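After this come two complexes, each holding chain A, first together with chain B and then together with chain C.
Up next is the complex of A and B:
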């Protein structure tokens, strides 16, 4: 957690808003990300968390507000790609089904670096090893790998060009529990070893607690609470954050408390 | 054997909602036989919620679907599946229809796939009742009552609306109302709350729990989420690679798991409270029965496996508070 205290800012979002026709998807969202830290973006469907992630990587342009990368040298689309990489929930759709995993990993290296073929392939081997995939799996087509293996491959490809920031949108949500744990440990180790920064979009508070240092809680496009992850989860200030926490199933789960939390939140809406 | 099981349970307790014993299923794929389930036994008593927990390929969905006679195509099925005193294996189409209409109902993960998108909700909710010969006016009254009970505002108006006019959470409530409209002895919920937002999941679980308690029906709650199962269920059955590996009271499974797989599942879940512990993931990936090694199917991933694990499939036997299929249960904790 202390690593979020120091380090220079690598990403600053200021007053981000996004309108889809007349629907406000994201409403005046601001946050910053320091080098080596991990920011959780928590919310339910319709909270605007994915749209926020997509604006960071440039897949959506903000209706107003800005995304800045202080200290970045490159510019344009390629410059941003060099700086920020994104990993999606379903890795199957992020691979070309006709080329092998190793070829898919080599592609961004060819695009961004002026390297020899040998150097690229050495880097691909290194990347496969880093995420725990064998050379044989590297030579396989995406459809022959399991979901967990494909997600590791997606992580390896994103890491290849050593971006400063990795944006993960529900990247472990579709994985089996035991595979999810493997990927979480891998991601946590990579961040600690490389000083890469994460923006980790998720609905799962326990996962967010494990993988992030700071968190913003979003609801209906707005940030309702922000702070250090441990602090926010241990002592939530906003009733919505409390409702989210109470809704997580566990032994001794108090469903009446969830109902009361919902009522409290609904009454707030009427008075505000 | 089938008939004795039926007769004895009928005599004992007017038949449990669900009694599966020694269920094995093998399918033919490309001329090869591929086993899916191996001697699965479990039961659901009246008024009881049993959690069926497992990862991909564990066979949890195949097991729950068997209770409605929904077997995979070209399957060779042995063992016995008795729902409310009726043997499902080898049942005629008419018997299965009667079973699904009056004794057992299922709630799936995606409510939109359970509801005809071009029919009004009133049609969906009264269909089961009308098929049983209930008059239109009375079926409507019952359906409106059910909608009210699951928390739908203005139920009379909702009866005339279409599925697309409701959110996923609201529609799942309506599907639950439909599942309970026939007054079933057994409700099968297959990942019924998985696709919902966490706050909606909590509300739908509260609803399921209340309705189940009021009606005294038995429920088999299929989920990948061991924590959710521990929070909701009375008992838990953990499956791995087509077999039951551990079963016991939910509190016991959660507090003192005996099977290394159950221990691994709990160690894979990040904690929301207490110390931010490091995760201890299980190595490898979950296997289906067809790919599993001989002997204990979990031994390739098991941190405490010994050569003896390869010799035979361990049988379920009591160990502390649970029953576990492992030759050295609970050893990991001692180590």
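Up next is the complex of A and C:
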């Protein structure tokens, strides 16, 4: 999956930091994203992944540092929307409960494109088809769909805006394993077909291994390791990355190694 | 288990599931009563048996008779006719209060929740100050300043009730805007105003409807009280409150009839409105609980 290395940079985060009162949620995070590539952001709960994602889409403003979209022309909220869209962990609450899935998909089309009603509805049908939802499911209210169907609808809604970048914050974490696989395959196909770039936030290393080309490992708001996904996961340099890898239950899994990793990390903290 | 008990058990479940979606008999009765009162008030000029200010001195302070179905008051005016004509003012004045209160309360509550910060603080404190004032006292003050009539009390009551609606709308909007769909719409490029108007407002509208209904009930009672004190509706116009006030002399002469009917009209209408309002607000809190 390293075919992406030759694309131009579509997103550059430089020295991103975010303070909530006295909590340092994100601390001096920098990375860049090339067209058609997929950046994994991994780390345990509370490591600042969601805050980083929210700063990329503009839902939080950085306390310091910047998010740039090189080559972008649009400005303001509408302009940014054409550049970057986000899929949230909870697909249920990312829809207005009162309107049907098809209406929810049509709404952003009306905002961003100067199309006729027929053209918008044709596009909605196309989007539904792309993520494997039927017309009947499109006419349904969000609460009548399953979690996986809603998440696919959320993906379709974001795709309609044709962003250059899609930020996914634990987008498959709430789904059953078999549904997870479906959505991941869908996402991977979309990336190959459209050249869209992903920022893929996850605590699940198996998922990150499948869907991302590059990865940054976050701990307590800082990036402790960054590189190509294959390389980082095969030969982790930082003890925290090793610990994350060791924490995944698999054949030959050793709880003692996890414990030793924790101890090693804790002793590092004291000396630093 | 016999077939009969199975049937009974099934009937029981059916009734229980139906109760959740269908309004109770009390609510249906309330809606019917309000419908009748509303229709009667609209048709009043056509269906009144007598002119509301025509006096029948020979039959004054009378109980129900075949000539005067609900009797007459101390000056011999037909109670049924006055009740029907009085329904117009009795319903219109609280309706005006409910409309003003709901519109302004919704606007303030939504703006406070959505704009937040210093604006929210100022609006919330202002509402707290008005909230601390007894509404009826506010209306009395307005009448003292602007003289009797309905306009001053309508405005004063609306002002007094605005904090009730404003606070409820504000907290409903704060709860609503914390939902992730608000963030996802911002990411999709929609302005805060568009999100407020197209998504947050429609989602809290049921709360608003319930509050408007309850406000109507309170306003009706307060206006009746003002009219009873001679500060609201001025003669020769009549509403139910002023009818109660004017029948006091008849009561002193031993005729309870002329106070019974306007009193009943106020009590039953307010009860019906409150039953409806409570059921609407219950329904909404049930709906929001099951959606969570």
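One rule holds in what follows: the second predicted complex is superposed on the first by the 272 of 272 C-alpha atoms of A that agree within 3 Å, B and C clash if a C-alpha of one lies under 4 Å from a C-alpha of the other, contacts with A are read in each partner's own complex, and residues count from 1 in each chain.
Rule of thumb we're sticking to: a residue touches a chain if its C-beta (ideal position, glycine included) is under 8 Å from a C-beta of that chain, and two chains touch if they have at least 3 such contacts.
Since this is a predicted model, take the numbers as computed values, not measurements.
In the superposed model, A:238 makes contact with neither chain B nor chain C. Legend: residue contacts after superposition of the two complexes on their common chain; A:185 is shown touching chain B, with no touch to chain C. Applying the stated contact rule after C-alpha superposition, one finds that A:222 touches neither chain B nor chain C.
Once the two complexes are laid over each other on the shared chain, residue contacts for A:123 go to neither chain B nor chain C. Once the two complexes are overlaid on the shared chain, A:12 sits clear of chain B and of chain C alike. In the superposition on chain A, contact of A:82 is made with chain C only, not with chain B. In the superposed model, A:45 lies in contact with chain B only, and not with chain C. By the touch criterion defined above, A:146 lies against chain B but remains apart from chain C after alignment on the C-alpha atoms of chain A.
Ranking chain B and chain C by residues of chain A touched puts B first. Here chain B touches chain A in the complex through residues 55-56, 197-203, 205-206, 209, 224-228, 230-232, 250-251, 254-255, 264-265, 267-273, 276, 278-283, 285-286, going by the rule given at the top. The part of chain A that touches chain C in the complex is made up of residues 57-59, 77-82, 84-86, 88, 90, 93-98, 107-108, 111-112, 143, 154, 157-158, 161. Contact residues on chain C toward chain A in their complex (touch as defined above): 179-181, 183-191, 199, 202-203, 291.
Of all residues in chain A, only 44-45, 146, 148-149, 176-182, 184-185, 203-207, 209-210, 230, 233, 243-253, 255, 258-259, 262 touch chain B in the complex they form.
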